[in-house]
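What follows is chain A paired twice: with chain B in the first complex and chain C in the second.
Up next is the complex of A and B:
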């Protein structure tokens, strides 16, 4: 428990640095110099020193922004706690709580978007809603199956694949950054935010990436059959590598369109889910 | 087109037209103002492509207003210019938009700026702001270039937004323009456009005492931040044609080389922007990295990365020596290799193909009716390239292909530009190989008063048209029709039915250059402040 909390807190401090490394590596792929590795921290600190401007959405928007960060930070901590136990029947209660928190964070993002009196934000919110519906049910299902401890190595592998794809969507990277889509929606869900509120949203975005990378690491670790302290250590150490792998994938792709993304995700994740259920059902 | 040039001219005369001037490359036919549409219909049905129309205050010459409708006979490489006159106290002409929809904007423009009313059509303000006073026409001769008319009132309250606004400032638009998109879900069902936010009075300035023939090329080059050399060259071609100035062959080659260098950096810039709009930022960065080589070459050849300033009447100011030839050839070789790698990777990105294909479609018939130009026309199956159709400068000495696609979608427009980069590289190599010796400018020249000429250049965005009437020491009238001017009206057809997410890409797919399109006056609608540019400030 203690190790998990320490790992979680260290991770939350490191997450903006991982993001800084991502920006530096992305720049290298682009043949640019890029910002310093601590740039994300600098951005966050600077935003928190700015004056508070209440967005058009008023109280609801501000409340949703704050709550979203709290829920995401909690889910990141909880994820490390689950990693300390391992994806096993002993930790299934915490997996359930974790999935509730992830869904709650998505709902708060949508609430934040639609509460802003801005057409771009509302369009971004509905895009986020479509993506959540396309990915999170499959993520939850695959996590339950993995945590149940049932199934063969093959069936667990298929469930892991489902969880990896779905958690990539949660990260909000290209091609699934369509809720923000700067050239299309002028930052979409974040358009009305500035100063500390934008700082909170920025931290939330970084935590989302962290949750996505560490969740992917955890399901991979679970495939290796690790549990307890070794599972926690492996998840903690694997997270930056997973983060970079997700970055590399995102650099090679362009932004999808909401209809294309939903169609692709449903086709892929639904097929993987059927395969998962079949393999579990048939005991493969 | 089965008719010959003589057949067409004869037919125009039979219809009641009077040939005023017959040149090797163009004919001016005076037609009755109330029968303009009949002449326009005949030309349009004969395969002529509408280029633009121009309103001119000719009261100092003949006490009349005049409008010129310029049509191009692409297959014959000649222009037909219809001229109709209208007296000051009854200044109207018959509109041709029922026959030629592409004349919509230019008719509204001469209505706004010269005060000639196009009849039998719906009219609205296009160019002037809503609070510009009635009865004040900036391109009439009595209107001084630095005059500040009293600010009027808004005619009506601005409509409340009911759609999704794109602009006047939006990440997808790099200049201020305004599109209002009406959507059902994420599907665009209609589009309203409002442009002309950044008029700078360039045509008026060129006619003012502050400018002379020699200075106007530097003004013309500031029309656009990307294809400025196109404008200065096109102005000079029109002027040299009107004055009968024979430009040395070497100067023609140098102008052509620089024009192709301009096309290269323009297309690479666009490709980067398109990649960015599609969320593929690696493509954006690498396109601009490759473009940098072209910018360096431009600086080496002309002394400037942009706004080269080498064009003068009768030639150019900078020669190309052996070092420059060597550098150009090496740049072209490395550019071709790097561009090939970039496009290979970029076109294999799934999102680029899936989002660009089947979106922003412009059919061939719509493209013809709206007289779209450049890559937009060629992507919709129209075989139009001014370099081929009206060979100018050194283009008659080189061999190249005109890329043609029939899909009319965003991907087709992208592919046309990709192909054109390869063609431009080959054109530059050929021009360098065949660069003749001799002088790079004429020693002396004279510019007679009252001469007219039309010139056109295939700019990166399409056909750029300049029309000039010579005056004393400076143009009496100079009209610029940039390619974007002709392509923007097609956006309505292209955006309808397109997903909202693809609207920025579709708008960008015409490679819009709003600075080129907006040329008239800077006017702050809120404060009523008006300002004109100074040559030292640039455009």
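Up next is the complex of A and C:
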């Protein structure tokens, strides 16, 4: 437990640096120098020095923002704890708690957006809701099947594929950044936030990316059959690599129409889930 | 160190800009976008374009502030958290340009500042960047000047016509 907490805390401090590396690599793809790798830390520190303009509906909005950050940090710690056990029947209870926390974080994002009394923010909240509906049930199902320890290597591989796609959606990268959608919704769910409140929301966004990358690493590690210490170390070390892999995927995917992005996601995850259930059911 | 100097120091490594067009001919806006392209790569100084004035550290103001846009401009500047920093861009943003005394414009930032003061909106610092249109290099220089990262090269000289 102690090692998992230490690994999670170190990772959470490193997460903004991973984000800085992501921005640096994105700049490299554009043939430019880009920001320093500590840029995300500079942004967060700056936001905490700024004035806070409390939006209409401020109490609920502030409460949801703070709770979302706490829930995401807890889910990151829990994920490392699960990594310390390995995706196996011994850790199934903690896997269920983890999925509850991830869903709670999404619900708090929706609460934050609808409490802001701004049309763009409310639209962002509904988009977040549609993403939650089209990705999280499949994520929960695949993690549950993987943790149950049932199924052959083929059926586990299909479940891993489902979990990887669903956790990419959790990261909020293009084209599933539609809740914030900087170009059309002017930051959507974050539009009315300022100063330290926006700082907290920025940290939450980085933590979401971290949870997504380490979850992808964990399911890949589970495919290799690792557990205990080796599983924790492998998940911890693999996380930066999966973070970069998600970045490369997001650069290749680009933006798409809002409805098409969700429709495609739903079709893909639905097909993968049917395949997963069939392979488990038929005992392939 | 004054409070403003401390706040500017905190912003120097992370400068989020909000582009506010107050009725320009769009040439200055194209230059603003040019300054944000990979060619000039302002992200290396920590500059990022944001979509909401609530997130902004600096407002890039273009245009002579038409009567139609005036209430929206005041609202957008009011929405910005302190310290409020403005970069008045182009001949129009600086002093109204060729429309400086037109009935349909406010006539540049100086007059807007008076209107903002009357409405209780304080501006912490402003830098004027002239040009028609303003050059991207001048915009970048203006941002760094605004935050005190570079020294001002030109001196302010006031010239008055004599009565005789």
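The rule is simple: the second predicted complex is superposed on the first by the 284 of 284 C-alpha atoms of A that agree within 3 Å, B and C clash if a C-alpha of one lies under 4 Å from a C-alpha of the other, contacts with A are read in each partner's own complex, and residues count from 1 in each chain.
In this section, a contact is a pair of C-beta atoms (placed from the backbone, for glycine too) under 8 Å apart; a residue touches a chain by one contact, two chains touch by 3 or more.
Because the structure is predicted, anything quoted here is derived from the model rather than measured.
Enquirer: For A:252, is the partner it touches chain B (first), chain C (second), both, or none of the two (neither)?
Expert: In the superposition, A:252 contacts chain B only.
Enquirer: When the two structures are overlaid on chain A, which partner does A:175 contact: first (chain B), second (chain C), both, or neither?
Expert: first
Enquirer: So in the superposed three-chain picture, is A:119 touching just chain B, just chain C, both, or none of them (first/second/both/neither)?
Expert: first
Enquirer: Does the superposition put A:260 against chain B (first), chain C (second), both, or neither?
Expert: A:260 contacts chain B only, not chain C.
Enquirer: Which of the two partners, first being chain B and second being chain C, lies in contact with A:192: first, second, both, or neither?
Expert: second
Enquirer: Quick check on the superposed pair: does A:149 touch chain B, chain C, both, or neither? Answer first, second, both or neither.
Expert: In the superposition, A:149 touches no partner, neither chain B nor chain C.
Enquirer: Quick one: classify A:31 as touching chain B (first), chain C (second), both or neither.
Expert: both
Enquirer: Thinking of the overlay built on chain A, is A:23 touched by chain B (first), by chain C (second), by both, or by neither?
Expert: In the superposition, A:23 touches chain C alone.
Enquirer: Between chain B and chain C, which residues of chain A are contacted by each of them?
Expert: Correct list for chain A: 30-32, 182-183, 186.
Enquirer: Taking the touch rule as given, give the residues of chain A at its contact with chain C in the complex, in rising order.
Expert: Those in contact with chain C are residues 23, 27, 30-36, 39, 42-43, 45-46, 49-53, 55, 182-183, 185-187, 190-195, 198.
Enquirer: In the complex of these two chains, what residues of chain B are touching chain A?
Expert: 164-165, 170-172, 186, 275-283, 285-286, 289, 349-352, 354-355, 499-504
Enquirer: State the interface residues of chain C toward chain A in the complex, per the touch definition above.
Expert: 6-7, 10-11, 13-14, 16, 38, 41, 43-44, 46, 48, 50-52, 54-55, 57, 79, 81-83
Enquirer: Under the touch definition given earlier, write down the residues of chain A that touch chain B in their complex.
Expert: By the definition above, chain A touches chain B via 26, 29-32, 119-120, 123, 174-175, 177-178, 181-184, 186, 251-260.
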